[in-house]
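I've put the structures underneath this note.
Below are two complexes that have subunit A in common, paired first with subunit B and then with subunit C.
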Partner chain A sequence: MKKKQILLYTAFFLIMALLPLVANSKWLAVGTTFLIFSVVALSQDIVLGKAGMFNMGQALFFGLGAYTTAILNAKFNWPLLATMPLAILVPALFGILLAGPIIHLRGDYLLVTTIGFNIVFVQVLQNNLGGITGGPNGIFGVESLSLPGLADSPQTSAFYLSLIVLLITFVLMHNLEKSKAGRALHYLREDDLAAGAIGINTRVYKIFSFGLGAGMAGMAGTIYANQYSAVSPEAFDFVQSVLFFSIVIVGGSSIPGILLGVFLMFVLPEIFRDFATWRYFIFGIAMIMTMILRPRGLWPASFGNIPKELIRGDQNGR
Partner chain B sequence: MDIFLQQLVNGLTIGSMFALIALGYTMVYGVMKLINFAHGDLVAASAFVGLMIYTNVLGGSISLFSVIAVFLLTAVVIAIVGVLLERIAYRPLRSAPRLSAVVSALGASMVIQNGIMLLWGPQMRIFPDLLPQVYWEVGGVIISLIQVIIMLLSFILMTGLYFFIEKTKMGTAIRASSIDQDAARLMGINVDNIIVLIFIIGTSLGAVGGIFVGLYYRGITFNMGWQYGLYAFVAAIMGGIGNIPGAMIGGMLLGLFNAFIAGYVSSTWFYLYSPHCHPYCPTNRYSG
Partner chain C sequence: MADNTLVLTNVTKRFGGLVAVDDLSFTVKQGQIYGIIGPNGAGKTTVFNCITGIHPCEEGSINWCGEEIRLLSPHKIVQRGIVRTFQTIRLFSQMSVAENIMSGRHIKSSQGWWNAIVPTPGSKKDEKKNWQRVGELLDFFDLSDVTVNAAGSLPYGTQRRVEMARAMATEPKLLILDEPAAGLNDQETLGLIETIYKIKDLGVTILLIEHDMDLVMEVTEYLTVINFGKKIAEGTPDVIQKDPAVIEAYLGSEDDDE
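Moving on, here comes the complex of A and B:
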């Protein structure tokens, strides 16, 4: 199982790394988008899938990262990569600050609150708070990074940068699962009362998951700003959060499942261009059908190495 | 003072619409403990269905009969869609994890919203003048016939619903199911039928709300369900979700709040979405 997983991921990264050799710039752009949204969906998975908190405002943190990069790069002329630490730190801090007062809310109530945060965020951007967010049009003219040796092809640079960020995300997700924090989040999702009873500080770990998820989404924001060289409010509105939320649940909150979800949502419509207007209609039907036929998602996540015979019911005891 | 009274009238008008739509959210949540994300899109669909019934079925004639027919037929069509929605997307997930039902509701919302787009096109349609454009000036305040009808009809419907819920046997069954489904079943209440009833009432009220939106704002788009749905949803939350009189009061408060902010401060801070923003935009993300 373990070996198979490593093999699978290595193959995935090798194929992705070789993509620029065969794909033209349009498909490379599609591929970059796939990588960026995969990172955001994985960051959403930390809060929603791993910790089991109904967060429907992930686009807020994604947008915060993208705006941090865009403002520092386009208005203060920071080099693009230098903005990345701040683009991770600012959303992470915001994630912690915003999660603090609402973390005791459960289920639908948390969902509603995070929707509210996301709407407030987009409103603030559109009303050009402090004169730096550029209002409804957003910010243009973010520098396109060129990696060494790829100076003539900014699209290839953007692709490889995104691939590196996705790789970092994979390592983070893998380490999280193997760590004390990852186990704590898993128990939290199963039953936060029981988790508290066995000595897990539920409040701290819930806030931690928000902060980590927000930081990762912010990192994706930097490569988003680099890829499109512009940011605008509607790219981060509540509907985007809904998409990420659905991708995680439909995918089954496992890494392959989420990548599959992002692929179905963002790449497949590119392949079937003639049906582009049917995209959300079909995806909506697919969401309903998946939930009815496979309530735990297309590729359900498993946790740890618990032998099958010790598990009553299914993996998550539902 | 004039602006105060004027905004009071405007606020009560939009508040009535929000309240009617909010009732659909709150009633479904009360019994099923599920946020019916598709409700806002059913409201948008009802404006389009109303438009279609008026132009294609009734041939565009304006009379008292056609106005009543548009309201009734739309409510029936949307109620049927609502019951089908419950049967197809929600009933199989009654015992599934909470998240599955939420995602199914989001999927249903996408299907209805994009179904409207595929049927009627992505461009804005203008809702017909079902009611004559009559205005009165009362003490410096301008009131249109449409506003009077919206407020009056909403008031009648909401009072009717209140008495239905509080005074009839079926209403008692609804309240019992929302307190505890299992206990209600033990008392001999068929909860499945109650849920169907909830969907019929909620979606018909939403359908009336959708036609009001068309009458009052004129322009209707396939994606407006998110916007009005979200307002109504906020109203339902303000009133305490699951609480029927709460949704009515929440809707009114939100409407008044909306009108006074628009009248005294600035309207830009109160739009949830700019009208140019297209949720689920069908245009291609990668072009250009």
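Moving on, here comes the complex of A and C:
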């Protein structure tokens, strides 16, 4: 990482870490939502931004993680954090299984199929499949974790837990970017025929991106269930998936771009809450303007992050 | 038979009613620079698409090092040492030149998918080793001035070199070039010829399609000429130049004899 980036991320985490000192409970909740949704949007970026696949069902995997935690915690009394590995694995497995048969579909067809999956998922939750999803009301009584030293403020705990999970997500995104598999996803998006012709098993890496993205969204599901001590179907509706999709497109496929997107989408409307129904107006306009003026997003992915030894002289790229 | 010989036997490829490649057979031997020529639409690119698994052919046989590869998927064919470039350059255009070349290291990298989540000392070493190899290729193809430039922003001549560097990064035994001189100026073409010889010196067999006859006659050792998907002649460049069927195909009587 470049010095500037390290500085930027350190500043971001410091500011976020100090937020609970100044924010009231409403803004703390908004902050927590921002952190959780950032994790989901970053997971969506793996599939949509990096691998270039039009997945409009990311809320499904987010929900699957949240329900896994809620069921195991509220019904089977597993400690909250103990549910997290399964809340990652179950969606990851579903991601792989669902992607398998649809991965060859072209952009728009894939998009419609993933919306279909999302709708089926919500229907299954609402109809209380197997008697464990709690129907339209969902599941209540999920433990809200208290972090050491914050026993009297579950809200602050939820905030810091989310911040830790976002930090883990950043590390994962960084590792991905520096790996063979991570680059393979970029090659797929740029030209999947050329990627195949250079030796990349395109099918396997497309499925991999779904699995990884789903697992990451599932991890966000655990902290979501923790924040509200409850889960219910409408939070994972396909409209939610549309929002995550738009965030990646509007923000651009980069960590700052996506954080910016989540901020515009979920935090700004809260700031303008007084304008009631007008609050999404700004986001709508921002979406339109971005697509016209910056088709690759507000903060597009940057390439050429290659080892310094390879760069001769004083090239600075484009 | 077994070592690095490519044998096509009676390969036929149809697109709907159109027979793009018609009962074609030829053999490329290890170490050769082998040329395929023919008028526009003759089916040359389609032959390459059959060999590289992009459009598998339904009839005939494609044998490489003693193995039938006709129905293998493209990435499996690359793993067996056959790699190609495209007539219309297909680079990862937003990515840097170095990252483009690194894509060729994919099959040589020992990293598993899990290393994308948790890097290990082994995977970091592998990463470093492959970047080093990219550095060598940047030098070999004279691309070190444009290492970090977006591939799509470069002149055609340079893009062609990047595409060849990317292909060579897979350490192939057989390099397939589809009209490598298309869109190049004379200067760039001379550079290309030099590069082709340099690659040959590494022990790589080369199979190429080219319209630039000067280039073909200079670099290739053996040629197959196709027209309407069928082989109309084969031989050394000297022989081909004098072949009446070839001259006719190129000077082109428009009316169909068949």
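Assume the second predicted complex is superposed on the first by the 302 of 318 C-alpha atoms of A that agree within 3 Å, B and C clash if a C-alpha of one lies under 4 Å from a C-alpha of the other, contacts with A are read in each partner's own complex, and residues count from 1 in each chain.
Note that in this section a residue touches a chain if its C-beta (ideal position, glycine included) is under 8 Å from a C-beta of that chain, and two chains touch if they have at least 3 such contacts.
Note that the structure is a prediction, hence the values are computed from the model and not measured.
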Is A:Leu111 touching anything from subunit B or subunit C once the two structures are fitted on A? First, second, both or neither. first
Inquiry  = Quick check on the superposed pair: does A:Ser146 touch subunit B, subunit C, both, or neither? Answer first, second, both or neither.
reply    = neither
If you stack the two complexes on chain A, which partner ends up touching A:Leu172: first (subunit B), second (subunit C), both, or neither?
-> second
Quiz item: Touching A:Ala184, do we find subunit B (first), subunit C (second), both, or neither?
Solution: second
Between subunit B (first) and subunit C (second), which does A:Ile198 come into contact with in this model arrangement: first, second, both, or neither?
second
Query = Just subunit B (first), just subunit C (second), both, or neither: which does A:Pro295 touch?
reply = first
Both subunit B and subunit C touch subunit A at residues 318
Given the complex, residues on subunit C that touch subunit A span 52, 54, 73-75, 78-79, 83-84, 86, 90-96, 98-99, 102-104, 106-107, 109, 111, 113, 115-119, 123, 126-128, 131-132, 134-135, 138, 144-150, 153, 166-167, 170
Per the touch rule above, subunit A residues touching subunit B in the complex are 26, 29-30, 33, 54, 107-108, 111-112, 119, 122-123, 126-127, 136, 234, 237-239, 242, 245-246, 249-250, 266, 270, 276-281, 283-288, 290-292, 295-296, 318
In their shared complex, subunit C is touched by residues of subunit A numbered 172, 175-176, 178-184, 186-187, 190-191, 193-202, 208, 212, 301, 303-304, 306-307, 309-313, 315-318
Touching subunit A in the complex, subunit B uses residues 29, 33, 35, 88-89, 92-93, 96-104, 106-111, 113-115, 117-118, 226, 230, 233, 237, 241, 268-269, 271-274, 276-280, 282, 284-286
